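Multiple structures follow.
Look for chain A in each of the two complexes below; its partner is chain B in the first and chain C in the second.
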Partner chain A sequence: MNINWGFIVSSLPLYEKAAWLTLKLALWGISASLIIGLVCSVVLYYRIKVLERLVRAYIELSRNTPLLIQLFFLYYGFTKIGITMSENTCAIIGLAFLGGSYMAEAFRGGLESVSKAQIESGLSIGLSNMQMIRYVILPQAFSVSIPPLGANCIFLLKETSIVGAIAIPDLMQVTQDLIGIYYQTFEALFMLVVAYMILLLPVSVALTWLERKVRYAEFGN
Partner chain B sequence: MTIKEKGQVLLEIAGLKKEYDGAVVLDNINLSIHRGEVVVVLGASGCGKSTLLRCLNGLENIQGGEIKFSGKSLTDKNIKWQEIRQRIGMVFQNYDLFPHMTVMDNILLGPLKVQKRDKKEVLEEAKVLLERVGLFERRDSFPRQLSGGQKQRIAIVRALCMKPEIMLFDEVTAALDPEMVREVLDVILGLAKQGMTMVIVTHEMGFAKAVADRIVFIDAGKICEAATPDEFFQNPKTERARQFLNIFNFK
Partner chain C sequence: MLNSGISVLVEGINLQRLLAGLFVTARIALISIVIGSVLGIMLGLIRTSKSKVVRFICRFYLEVFRIIPILVWMFIVYFGVTNMFNIHLSGELVALIIFSLWGAAEMSDIVRGAIESLPKHQIESGRALGLSFWGLYRYILIPQAIRRLLPGAINLSTRMVKTTSLVVMIGVIDVVKVGQQIIERSILKTPTASFWIYGLIFILYFIVCYPLAKLSKILETKWES
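Entry: the complex of A and B
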């Protein structure tokens, strides 16, 4: 076995920088997709006219096209019709566009799990619609939605690995560059795997903790 | 014994009609409930007695007739159900406490968020009510940590803390183990003694006899018989009521 440890140490700063960039893109993308998902799920749950159709169309479009193609469209396509965005903006919009539909489905599952009896119980003490959403529906829906939401967060973080396709120096792109220049294929890929593990492990642990903390809704009433 | 004339009419139901997809569930229901009166609604499963109760606080819309609460028509298009429901307490068969809130938060939600009352005052009231049902020590428990009977007593306290003018009980002991039925019924009996106006749907005949000022027997969506408990249980006038009561007699 012949591992070039010197190469690994010397390229650490490059990986660190790339990891921060990956994390930043993922955080923005995930936050935006959570907001989009929540809005879409509420539209679906309350069957708000017209908007409901729009949301369904969006979800189909988003789930049935690959992120790579969404990114190409945003970055290379839109610039031809006069809409030019920075590569980072494109990556965040792309992640949000993809993630939004997944988050919407996760939230919707939670909303639909809140029983009619719970809502009637809230009605009978005079809660308004907004109070019902805030105090009864959302907390229970959230608790049911946490596992799929968490899975989506991890999925989106992993999906950032293709933003290199629009020239963003993320972890994957840096690895490919290093392989191209120095031909240290094993070392570069090894660092890549470790870097993703370092990013994702804390997220997984945090989500498991959160899941346990908010799992009250499944224990009957 | 005659029907107690306790106070003025609080709830007046006239010609109420309820349909589900064309099937008539309640037909021409006429019933006046006076302040301080306890009306027990009896009838076989599916006769419409729970539906009647649900119509009274707007959980079901009605297709005909009128319901007046404290002189106000509940069939008015501009009716603000949120306000009416604060004055009509309801307790359900399956307790339906909010599982993500402690006992105390369950009780405080309505008074604090809906009625916007002073927290200190409501806490004091909640304490008195919880002590009365013997569950003050459980105020920080979650519903999942309580037995069915305890949950139901909490659900009653939650409704009472809104200071309702009338309480509706929808088969509140039907989901309970037999040994827990008593603790819940005792709470309701206590309320009757204090003069709370109540409409109670139940299958507990002994309890109905003890608590009711008036028995209303519903069959196939219609009021078949309305009488004092003594009259109804000892000398039912209709054949249908006699059949119904026979189910509960074992010899």
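Entry: the complex of A and C
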């Protein structure tokens, strides 16, 4: 097979731009979903009345529907009821809506893994509420939460491949365009895979390393 | 304005068409879940083997599917493989192939996890009782492993159902595509159609996935002990 290296080189800037865009959207989406997840998990952990039901409904709704439909609904549907957003905003909101519930579950798993005995011991040696959270609950909860949080980050980064569907010039869209215009199918797909590898492999490796680092905080098991 | 738009759902044969689209989606999901599960169970059993090479190959297969998004995989096969070998594959066939292979990869990890989580003494006690290899699997390992893998397997199924929404990107006339067609056709008469159609599809997916997710959670708590 003849690989058109010239074409690959000439389309590099396009892919670079698209990769940065993908990364930017993913970062915003992940940050937003971390915040949403943290808030939701605190609501669930402390069983704050009305909010708890709302959060539960949100989690079920977001976990059991595909991102593509969420995006279409946000982008094409909401504009009909007078809420028009730019495609980038839409993508970030979509990612945050989807990721928030996953992050919430990850945080909640961590919080609930801190055993009652830990909290009682903390109280008995006279820790204040803040000290309890700072020195007892958070370190243990985090070490349990890190692996699922990391998996969620990778999951969200991969999910950004869908945003091309709402007219964002991301990696998928660029690939599709290049295939459509120049018919350099193999080269375009090759670049696509390489781009995703470059985005995902370092994250994957870093998370494996981080997972090992935080294991020290696990206690008792 | 909005309340006049909802009628687009029942106008003409729109609802039938959407349901027909849903049928295509469901067909892809069902077939690939079945094929993926069967392949995945076999692969999972293979992954418990002692050979390092075999384990590495299986692990590699899994990671390849984990690191590259499914949509990219569908593009590779739909545009790349067909182009390279000069063959024609329909979008639906590509979706079936990719979902089955992906399902098998993820399923193999669930099966392996379930088998490896079984305490060693179960195997040893079985051997001590004089069970044969197959007897050991049939009476000791499989019944216990199924309890451990079923919640994860159901979760995987909901993930696969959700991912079927992507097949619209490789030209399959699924529920999303039908929805787009209806929206485009009625754009002048009912401009709010996209709100209702995508809203309905959103709910349809929820109706399919929610019971599955619930079932998985119930089984998980029931069998935890």
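Here is the rule we go by: the second predicted complex is superposed on the first by the 219 of 221 C-alpha atoms of A that agree within 3 Å, B and C clash if a C-alpha of one lies under 4 Å from a C-alpha of the other, contacts with A are read in each partner's own complex, and residues count from 1 in each chain.
What we mean here is this: a contact is a pair of C-beta atoms (placed from the backbone, for glycine too) under 8 Å apart; a residue touches a chain by one contact, two chains touch by 3 or more.
Every value quoted in this text rests on a predicted model; they were computed, and no experiment measured them.
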So, after the overlay on chain A, do chain B and chain C clash or fit? They fit
Would you sort A:Q140 into first (chain B), second (chain C), both or neither based on which partner it touches? first
Chosen between chain B and chain C, the partner touching more chain A residues is C
Problem - Partner chain in contact with A:I8 - chain B first, chain C second, else both or neither - result: neither
Of the two partner chains, chain B (first) and chain C (second), which one does A:L189 touch, if any: first, second, both, or neither?
second
* Is A:L210 contacted by the first partner chain B, the second partner chain C, both or neither? -> neither
| request: Identify the partner contact of A:M85: answer first if only chain B is touched, second if only chain C is, both if each is, neither if none is. | output: neither
_I'd like to know which partner A:S124 touches here: chain B for first, chain C for second, both or neither._
first
Overlay on A puts the nearest Cα atoms of chain B and chain C apart, in Å, by 24
Where chain B and chain C land on the same part of chain A: residues none
Counting only contacts in the complex, chain B reaches chain A at residues 57-59, 81-83, 85-86, 88-90, 92, 94-100, 109-110, 113-115, 142-144, 151, 158-159, 162
Per the touch rule, the chain A residues reaching chain C in their complex are 1, 60-61, 63-66, 68-70, 72-73, 76-81, 154, 158-159, 161-162, 165, 172, 175-176, 179, 185-186, 188-189, 192-193, 196-197, 200-201, 204
In their shared complex, chain A is touched by residues of chain C numbered 2, 5, 66-69, 71-72, 75-76, 79-80, 83-84, 158, 162-166, 168-169, 176, 183, 191-192, 194-196, 198-199, 201-202, 205-206, 209-210, 213
So, in the complex, the side of chain A touching chain B is made of residues 117-118, 120-128, 131, 135-136, 139-140, 143, 216-217, 219-221
